[in-house]
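Chains here go by letter, A, B and C, matching the order in which they are written, and residues are numbered from 1 within each.
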Amino acid sequence: MKKEKVLIANRGEIAIRIMKACNELGLDYVVVYTKEDRASGHVKKALKERGSQAVYRISSYKDPNEIFSVADHSGATAIHPGYGFFSEDFRFARRAALRNRPITFIGPRWEVIRDLGSKINTKRIAKSLRIPVIPGSDEPIYSEIEAETLAEELFLKQKEQGIDKPSILVKASAGGGGMGIEEVNHLDVFRQVYRRIQNYAKRQFGDEGVLIEQCMRDYHHLEVQLLCSQHKEVVHFGTRNCTIQSTGRQKRVEVAPGFDPTIWEYPFDARKVLDDMVKYSIRLAEKVEYDNVGTWEWIVTRDGKPYLLEVNTRIQVENEISACISRISRQRGPVNLIKEQIRSALGEKLNFSQRHVSFEGTSIELRIVAEDVKRGFAPWCGTITRFEFPDEPWVRVYTHVPQDEPYEIPTEYDPNLALVIVWGKDTQEAKKRAKDFISETVIDGKDSRGNGIITNLSYLYEKVDEVLRF
Amino acid sequence: MSINLNDLLRKYKSHPYEDHEILAPHTGVVKFKVEEGQAVKGPSGQWLHRPGTLLYILEREKNPKRITSRFDGIVTDLRVDLDGKFVEAGQPLMLIRHRLNKQEITNRILKEVLHIFPAPERARYFFTPETSTKIEKGKAKSLSVKTGDEIVIMSLMKRDTILNYEGPSGVLYEVYFKNGDILEQGAPLFGVCLPERLPFVEKVIQRIKTEWDD
Amino acid sequence: MEQKSILDSGKYLVTLQDRVSYLADIKGGFEWGNLRELFERVQELRTNLFEYSERELLQQIHSLEGRIEFAERQVAKRLRPIEIVNIVRSVQRFTLLDILENCYDSFTELGGDGEFNIDPAVIAARATITRRVKNRLYYHQVMVIGHEKGMGEEFRNGGCAKPWGNEKALRYMKVAETEGIPIHFYIFTPGAYPIEDYPGAAQQIARNLFEMAKLRVPMISFISEGGSGGAEAIGLADMRLMASRGYYSVISPEGAAAIEGRIKEGGKVPRKLVEHCAEQLKMTAKDNLELGTIDRIVEEPPLGAKRSDFKFFKRLRYEMVRATDEVVLKTKSFRAFRAYALRRQSQDKEKVFNDEFDIHIKWTLSESEKDRLLEIRSKKYRAMGRGYKVLKRPFSKRLTRFWESTRHKYYDIRYGLLRKQSKNLQKILEEVSSEGSVIFKTVTESMRAAYDFVFPAPQKPAQTSQQDPLRRSIFMQDWEQYISPLANEDRTVTCPNAEKYGCKDLWVPDLYGEYSGVCPTCGHHFPLEYQWYLENLFDKGSVREFNTQIVSDNPLGFKGFDEKLKKAIERTRRGSAIITFDAEVLGIKLVVAMLYSDFRSGTVGSAEGEKFIRACDRARTTRRPFLAYIHTTGGIRIHEGTLGVIQMPRCTLAVREYIDSGGLYIVVYDNNSYAGPVASFLGCSPYQVGIRSSRIGFAGPRVIRETTGTDVPPDYHKARNALKRGHIQGIWDRREFRKNLFEALMTMGGPNLYYK
C-alpha cells in the first residue's frame, strides 16, 4: 500500500476509531477540530501521536471548503467522513473526486451515494429487483383519483392482513425530516388530508407531488451490514437490531444479531427473515455495484415480513457490534470494519470472502448520553468532573470525554458521552455484562446552576432486558 | 441612584479605547493589505453598504476573499510573520484599537444603569417573532416588558426554549445581540429601563452628549 | 430705442444686463469675448446712474447696446449644439405658463395651483385657442398638458415629472378623450424624476405610452426641451413640432460624456467631452427633422425665444392650430386635405408671416375618423427610427448548438476518465426512467442534472411515456443538458449574502452546474449567460431565430462607435442586442424577444426596436403568445440619439396592437433592466415578472444620486422591492422558470393561448 494520508473530517469517538484504524493500517492521518472541541479527546490523541502538524483548527465541520483547504495544505490523499457531516453527501464526494487535486473519499463512489441517498429512488430500484418495500406509491402522485384508489387499496390490504387499526401516511414527496406528513386512520378523511398535504407541498416545495404508504406500527428496526470492494466483492456481516430508540428516533441500544430465537419466541421464523433480508440486501448491492461499507435498513412487522426502508451509504455508529460477532477464518480476532472500509476505498481487494466469515456470540452497544429521559430526552449541558468505567476484556468503550480532567460538553453538538460495546458468548451473557458495566460506571458533573448531571444510564439498564424481544 | 456618573465618565475619559481582535474566520492563505499603525475605517454610508478598509485577503480553495474592517481605528499587533502563510480558523491576525464615540460610551454606561437580562446558557438566541418585528420597526423603546413576557428564544442543541422575562417592569431600552448570535452564558441580551429611571437615563445621555468630544 | 428719462434708462439697463447674462448663459460663462467687460460696464452704469448727465448716459447706453448687439450677432452666427442646450436651460427662456398666457385665450389649470399640486412640474389645463378667419374669431377647446420648468421656482423641480405627475398627465389625457377635444403637449423636461415610488417612473411612462398609442383624439406635441424618457411620457403625438432652438435627446450631453469618458461618480466631466457629445448626439431641431423624429420646426429668434417674445408666441399659436388642423384633416377625405395643404404652401413661400387662416376647421372627429386617426398614427410611428442595416447574408442560424464543440472538449478533458464507470449507473437510471415518469420531478431531476453534468450525454433521444402531456413535459428533461461554461473551473466563490444568511462558499462546478447558478442556502441568483436560458427554458431544438439580417448600425455617425459596434459583433457573433425567435415551451409555440447583456449591455437602438416590432407582429399574425425575456437591458443606446428614443413609442405601439388583438404578452426581467425599454414596451405589459435577484428600475443609483441628490438603499431596485411597489406581478426562481412560464401560458393564455 502506498503511503496515504487520511484527513479525518469528523469529531468525537468516530474520529478516534478512525485514527486507531489508520494506525493499525500504518497510514498517516490529520485531524480537524473547531473552537468548541479544542479540549476533545480526538485532538489530544492526535497531538500526542502526531504532533501539532497533524491538527488543524477549522471554522466548522460542515464547511467542505475547510476540509479541502486543510487536505491540500496538509497533503492528505484521502478523506474519511466518519458518520454524519459529509458521510452521505454525494456533492462532497463528487468534489473530492473531480477537483484538480483529487482526493479519495472513503465511502462508496459518489454516484452510488446520490442514487441510494434518495428513498424514492431506492424504493423503485428495489421494486424492480422484487425486494419488498413498504406498500404504497413509489413515485409522486399528482391526481386525486389515483391517490384515492391507492389509499383504498392500502386500507383493504391491511384489513385482509387482519391489522387492527389500519392507517396510511400521506407525505409531501419533496419533503423530508417529518415535515408535511400526516396519518390517515379512516378512508373518509383521506381526501381532506390529501388536499391539505398537496397544498402544503405546493406552497413549501413548489411541487404538489404526494406520496402515500401504509403506516407501519408494530415492527422491529433491523439492519444488514455489508462490506463491498471496488472489485465487485460483496460480503455481509450479519444483522443488527436497533429497535430501542429515543423519542426523537435516536438509537440508544443496538444488538447483533438481529433476532435470537434461542432466548425469545418469535411469531415468525426469525432465521428465515434474517436470511431473506441479507439475500435481498446483497441483491441490491450487486445491482448497483456497491463498493464500500453500507447498511441496509429494514423493518420487520409482527407477521414476519421484512420491508426495505433505505440504504445508509456510510459506516455507522453501531458497526462494531457486527464486527464483534464476526470471525474471519484466516484472521485472528474480530473484524475492524473501519479498517476494511479504508482499505476498500483505497482500491484494495478484500482478502476474504463470505465463506470465510462466521459468527460468534452476541454484542450489545450502549450509547451513554447526557439527557433527561423523563423529559423527552432533553439534552443536558455542563461540565463533567468524573467519568469512570470498568475495564474488562469483554467491553470496549469509545469516548472523547477525557478521564483525567473536567470536560465541558460543547453546546453545539449532541451530548453523546460514550459508546460501549459489550460482547458475550450468548445473548444472556452479553445482557448480564452490559448491566454489570452500567452498574459500575460513574459519571459526575455539574451544570451552570450547580445541579448534578443527568444521564441515560438507568434508562439503558432497563432497556437491556428488553433487547431482541418482539 | 447608586451609580456615580462622574466616576464612570472619568474612567472612560482616561482610556477611551476598545481593542478588537481580528481573527481569521476560516483557514486559508493570508495576505495583509494594511501596515502596523495604519488608520482604518469601518463600513460607511446610510445603510453601511460601503465596506470598510481592506485589511487582508484570505484565500481558500482559489477564492481570494476580501476582509474589510468593521471598525474605525488603528492597526496594532499585526502578525506580519503570517503574511503569505496558511492560517487556521480563529488565528489572531491583528488588533484594531478603536476610539469609543459618544454613542458607544452611552451604550456602555447604559449597561450599568439598565436592568440587564443575561443569557442563561451559552447558546444561540433569537427574539420571538413578535418582538423581532417590533424591534425591526424601531419601536423597541416603546416596548414595555414585564415578568412572564415571552421575549427571547434560546436555541440549545437544536432545541428551542422560550425564555420568559424575569425582572422589574419597564421599557426595552437596549438590545445587545443580533438574531441568531451565539452568546456566552451571562452575556447581556437586552436592557430594561424602569419607568422611574427614564429621566436619569436621559440625563446620562445628555451629559455624554455635552461632555464628550468625538 | 428712445430714452425718455434717466429712470427709464435704468429699466432699460436692466434689460441690457439680462441680454449680456443671456449670452453668458449660452456661452457657458462670461469668459467668452468681452462679455465680462460688457456686464461690468452695464453694472457700473446702473450703480452710478445719477452720476452721469442724461446725454452722457444715453450715449453710453447707445454704444453699449451696439456692442451687445454685435456680440449677439456673433453668437447667433454659429450656435453650437451645447450652446443650444444652454439656451434651453437659461432662466430667461419661455416656459409653459408663458405659452398658456400668450398662445391661449383663456385657460383653467386642472389639479394644481402653484405649489398646491400633486406634481408642480406637470401642468394640465383646459384652454381655448382662437383662430382668425377673415377677421372673425373662432374658438377651439383643447387640453394642454406639459412640463413647467418654473424658472426660479424650486418646487417645479425643473420640469422633472414625478411618477404621479405623469399619472396626472395620463388622467387628463383620458378626460380629453372622453370630451373629444385635441391635446396639445408641451415638452419642457430634462428627464423624468428617477424614483421608483408608486406608480414608478418607468412603469408610469410605459402606461402613458401604452394609452397614447390608441388615444382617440388628435395629439400635437411641441418640444422645447426633450429629455429622453421624460419627454416620451407625453410625446407620442400625431404631429411633433419642435422649437428651432430646442433640443431633443436620448440623454443630457453631460450624462453621455460621463458614460463615454467612463467618469467615476463625483469626478469632473471634461467640458470638451460634453461639447463633443452634444454634437454627436444630434439633438438640435434640424438634426431631429433630418432623422425624422419630429415633423416640423417652429422658428424662434436666432438666439431663442425668451419669456416676453410675443412675436414668437403668435407664431407658436399659429403653428399649433395649423398642426391640429392637419391632423384632423388627414382623417378626412384626401382631397380636402390636399386643397388645404396647397393653400398653406403658397403662404409658406411668402416671407411675411400671416397668422390668419383661410377657413375654419372643426376639431371634432367622427368614430370612423378616429379609427383613421389611429391608423395613421400607427403607420407614422412604424415608419420612424429605422436606423439599422439589413444584411444580404444574415448571421448564422446555428443558435442552439453554439456550445457543441466547446462542450465536447470540456467533457472529454475533464470527465473522460469516468466514462466507464458511468455505464452501469446510467443503465439503472434509464431503466428507472423508462417506467416512465413523474418521479423525475422531485428527486431525479436534480439528480439527473448532476449526472449529466459529469457524464457525456448519450446520443439518443429521451424516452418519453404516453402520459398526460401537461404533466409529462414539465418533468421530463431531455438527456442532453446544457451546462454553463462557467462551471468549468475548480474554485469557489462567496455568495454576496454570506454574511446575512451564513451561506458557505460555493464550489463553482456545483454552483453553475447542478445548482443552476443559485445559492442553495439563500437562493441568491448568480448571473448566467443568456445561452443558458436558450438551452434550458425552451424545448430542445425548438428555437428558430428570425430576422437575423437586421443588424445594428451607427446611424448618427457617432464618432468612435463604429469600432465599439464592430467589437460587439465580433465578440458575440451577433448583429444586435436582441434575439428574436420562435420557440416552444412544453409544446406550446410562442414568439420570443430576448435582450441580452453581451451586446452593448442589451441597449435598444433601431435594429433592436425593429426586430422587436417584427417579433410582436409575427406573434400577432401567428396568434401566439409573446415573451420578452430581458436578460439585461441598459436602456436606450445613446449612440443612436433620438432614433433610439423613438423606439419607445414605436415598440409600445406594436405591443398595444398585439395586446388589443388578443395577444398574451409576458415580460420577464433578469439581472438588470433599466430605463427606456422598461419605461415603454416592457413596462406596459400586464404581466411582468422578475427573476430572483434581478434589478428593475428607471435609473441606476448613481443617476438617482446625481439628479435627486439623495442616496438610495442598496436594494432599492431589487425585484422584491419592485414587487412591493407593484411594478411587477411576481418573482420567479430561475430553476422554475420553465415550469412557471408554462403555467403562466396555460392559466393566462386561455384555451387558445390568445384571448380573441
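One rule holds for everything that comes next: a contact is a pair of C-beta atoms (placed from the backbone, for glycine too) under 8 Å apart; a residue touches a chain by one contact, two chains touch by 3 or more.
Please read these numbers as outputs of a predicted model, since none were measured by experiment.
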item	value
Arrangement of touching chains [line / ring / star / complete / other]	complete
Two chains joined by the most C-beta pairs in contact, as defined above	A-C
Inter-chain centre distance, chain B versus chain C - centres from mean C-alpha coordinates, in Å	47
Chain A and chain C: spacing of chain centres that average the CA atoms, whole Å	62
Centre-to-centre distance between chain B and chain A (centres being mean Cα positions), rounded to whole Å	42
Touching two or more other chains - residue numbers and ranges from chain C	490, 492, 505, 507
Overlap residues in chain A, where contacts from two or more other chains coincide	63, 65
Where chain B touches two or more other chains, by residue	60-61, 63
Touch list for chain A against partner chain C, complex	62-65, 90-91, 94-95, 98-100, 109, 111-112, 114-115, 118, 120-121, 124-125, 128, 138-140, 142, 173-174, 205-207, 209, 287-289
Touching residues on chain C, where the partner in the complex is chain A	414-415, 421-422, 424-425, 428-429, 431-432, 435, 437-439, 441-444, 447, 450-451, 454, 471, 490, 492, 504-505, 507, 509-510, 514, 733, 736, 739
Complex contacts: residues of chain A adjacent to chain B	34-35, 56-59, 63, 65-66, 68-70, 73, 378-379, 381, 411-415, 448
Chain A partner contacts - residues on chain B that touch it in the complex	25-28, 60-61, 63, 86, 88-91, 120-123, 156-159, 185
Chain C partner contacts - residues on chain B that touch it in the complex	45-47, 49, 60-63, 65
